[in-house]
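Next come two complexes built around subunit A: one with subunit B, the other with subunit C.
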Partner chain A sequence: MVSVVGWIDDYLWGTLVILGVYGVALVLCILWGLLGAAARLFGPRWLQPLVSLYVTVFRGTPELLILLIFYFGSAVTLTAIGQALDPDIRYLDIPPFWAGALAISFIAGAYLTEIFRAAFLGVDPGSIEAARALGLKPLPLFFLVRAPQMWRIALPGFGNQAISLIKDTALISVVGLEEIMFTAEMAISVTQEPFVMYMVVAFIYLALTTVITSVLRRLERRANRFQEVR
Partner chain B sequence: MGLNLDLILDTLPRLMSGIGITLGLLVYSLLGGLVLGSLLCMALTSKKPWLRATARCYVTFFRGTPALVQLFVIYYGLAQFPILRESPLWIVMRDPFWCCVLAFALNSGAYVAEIMRGALSGVPKELGEAARALGMRPLAIFRTITAPLALRLFLPPYGNEAVSMLKTTALASTVTLMDLTGVARTVVAQTYAPYEIFISAAIVYLALAWIIGRLITRAERWASRWQEAGVQS
Partner chain C sequence: MLRVTATILATVGSLLVASAAQADSLRVGTECTYAPFNYRTADGDLTGYDVDVAREVGKRIGADIEFVCQEWDGMIPALLANKFDLIVASMSITEKRLKQIDFSAPYRVSIGQFVARKDAGLALFNADGSVNPAGFEGIRVGLERSSTYEEWMKAKVPDAEIVYYDGNEPMYLDLAAGRVDAIMTNPMKAYLKFLSDEGNKDFDVVGPQIEEVEYFGIGVGVGMRQGQEDLKGQIDTALKGMTEDGTLNEFSLRYFPFPIYPQQWAGTN
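And then the complex of A and B:
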């Protein structure tokens, strides 16, 4: 157990890498979710089957497989393009950080498409009509009336995705991202203590999910502050 | 850049050879998860505070950490203990297949326990009270009233859990198992055609997920066979 002390700084750096991937993926997945929901609700008809396909494929395929497709697929494509431009190029790839962040953001985005769509439809039409009757223009109507009510409905589902997303970051070690799984591997090769080193990884993730859960609970309380107390 | 269709057709039989392990992992993990989940659910709703706290810690740990990390703790981690290595259990535990089953079942148990607890708490208390007033025994109340009603609430989220477990079995490929994803990774390493092979594998997973969905829908229909026609709950 004492052996962990020498590796604390490496675990810390690994945690920062995880948080970096998480931050990028979180922003992107909200973007994909909003775009998907908008396409579902207001998009032209030819777009509907494409959005359905996106949601079905990314929800029904193993996360690991999607990550492998993104990482190795982008490598093959980039290498082919690179070689067409300059025959001396041997191998090109997207760094695991970006390929990983992109892959896990698309997975969460598929779930968020459905969550945001349902939230949009769940807003009481009466309040929209009331706002319109009061003469609110479309833009303030969206930001002052629709968005806050949508957010309240979408939050619990969004929270589940935010937690799955942090757990998905562990997969990116499989394509070579140097985060805490990698730190554990290095530490094990020196100390021969796999149980201890992987348990440290588990507790780092547990700490991260605990923090995210408490942030979400705060957000939910804030989003519901105008609700009547029942 | 076109997709190489011949390559897909050539590798499809090889991919199929991985389905057996994927399904084996799925079935054993789900069964293990159901047994463990039932026990944990009893512990979560128990009257003994220490039992409730222990079960709560278990569920929090397994739901709050990535399945990949859990698998590595079990597959690589348990070998650290000489006591385990010398015990007869080691014959089972050194096999990556059973390591995966153990890890996935422990993981599924935590989710199943929460789903069961939710389903049981969704059954109106008054029904049980009425049955008690009629003089029914607790076990009979559970078997004939609470359980059948809770089953209807249990099945839809359990279907999601089963599909999620199917996706989790892909992690087995990281500990050398030749499941669907494992075979696909080997073929890609040989042919370097990631799109063709991985997308074929993805289609097989989607088909399996669809079948699971159909089975659960059937089970749901069976569980609500006493519902009046046209009444949706």
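And then the complex of A and C:
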């Protein structure tokens, strides 16, 4: 266990990297989810197959594969485009941080598209009709009646996704991002103590998911504060 | 609107890592998790035999070396996808890999060597370094099943009594316990896992390092994308210099008590 001491700063740094990836990916996946759900519900007809394709591909392929395609594919594609524009360019590339954050945000966004769409459709039609009967215009109707009910329905599904997203960050070590899985691999190579080093990673992830879970629980309590029956 | 567009373009641009045509910087792919060849110390410094070799090659051909950590399985795909320009990651030169990428001349050997108790008084080799089959009479030699070492033993000393193992660890244990008199293995592995242990200080390598390409392969080289004859030539020249002026010897001795580079400059492959 003593061997961990020398690596604590590396693990801390790796944890910051993970939180960075998580922050970026969380914001982006909510954006993709909202855009996807909006396109599914209100988009023009030509958009439907595209959203469908997006959801099918990103939900239906292994996460590791998508990550590798983003990382390797981006380098080949961008370099080809770059060299077409300016032959002097030797290479164009997305660094592992951004390739990883983008890849996992697209995956989570595909799930969130369906979660948000279901939440929109799950709002009690009676309350919408009542709001219309009271003469609410579409915009206030959305923000005052639909949104507060929608997010109550969406939160449990969204919460699962938010926890799954933090665990996806562990995949990004395969493209060379120096996060805590990578730190563990480096430490194992020097100390020959795989069990100890992997346990540290497990502990860090458990700590992070515990914090996320408690934040989500608070959000759910707030969303449901008008509900009499829990 | 124009300003928004400009901002977006600038942001996207800053996400990309681009480089102009200058060849004075080379990105080197390595695992960063393979001690003592390429690894990070607890202080965060990248070090190891591969890393030393890459830095020295960079110095000699006048290129800045920048390391990229890459998992082993994706090493060749990443090189081909232009994630970096060279592989310096203890990658053995094999026929199969040569179909995809080019290699420099070897900067580390693939070798076999015997390990035995220091006071055992074995005479496995003659004074000129050739095998002495008489020295194998009455002793038991341990080696890994269906390894290159087995092929070598069967070709050179067909009458030797061989004890087979499925892995290195049980072989070391039996050597320490006296169940076998000598083992034949990769001396680098034996040093890292067995000889460097304080409890095994009565054991050492016996006889010369056996560097026979037809059994053990050419060794470890610097990988690069195909069709870069200039770069390959520059790297080979640098490695030749490093082999001949003792630099590779110095790097070897930083991590092992014996040299791990080709003793004779074998020429380019």
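Here is the rule we use: the second predicted complex is superposed on the first by the 228 of 230 C-alpha atoms of A that agree within 3 Å, B and C clash if a C-alpha of one lies under 4 Å from a C-alpha of the other, contacts with A are read in each partner's own complex, and residues count from 1 in each chain.
By definition in this document, a contact is a pair of C-beta atoms (placed from the backbone, for glycine too) under 8 Å apart; a residue touches a chain by one contact, two chains touch by 3 or more.
Computed from a prediction, not measured in an experiment: that's the story for all the values here.
With both structures placed on the common chain, the touch criterion links A:P95 to subunit C but leaves subunit B unconnected.
Applying the stated contact rule after C-alpha superposition, one finds that A:D10 touches subunit C and leaves subunit B untouched. When the two complexes are overlaid on their common chain A, residue A:F72 makes contact with subunit B and with subunit C alike. Look at A:G60: by the touch rule set out above, it reaches subunit B but stays clear of subunit C.
Once the two complexes are overlaid on the shared chain, A:V174 sits against subunit B and subunit C alike.
In the superposed model, A:G82 makes contact with subunit C only, not with subunit B. With both structures placed on the common chain, the touch criterion links A:S214 to neither subunit B nor subunit C. Of the two partner chains placed by the overlay, only subunit C lies in contact with A:M186; subunit B stays clear of it. In the superposition on chain A, A:Y198 makes contact with subunit B only, not with subunit C. The intersection of subunit A residues touching subunit B with those touching subunit C, taken from the two complexes, comprises 68, 72, 75-76, 173-174, 188. Of all residues in subunit A, only 6-7, 9-10, 68, 71-72, 75-76, 78-79, 82, 88-95, 98, 173-176, 178, 182, 185-190 touch subunit C in the complex they form.
In the complex of the two chains, the subunit A residues touching subunit B come out as 56-57, 60-66, 68-69, 72-73, 75-77, 80, 163, 167-171, 173-174, 181, 184, 188, 192-196, 198-199, 201-202, 205-206, 209-210.
On the side of subunit B, the complex with subunit A involves touching residues 1, 60-61, 63-70, 72-73, 76-81, 163, 166-171, 173-174, 181, 184-185, 188, 192-195, 198-199, 201-202, 205-206, 209-210.
In the complex of the two chains, the subunit C residues touching subunit A come out as 15-22, 32-35, 39-44, 68-71, 73-74, 77-78, 81-83.
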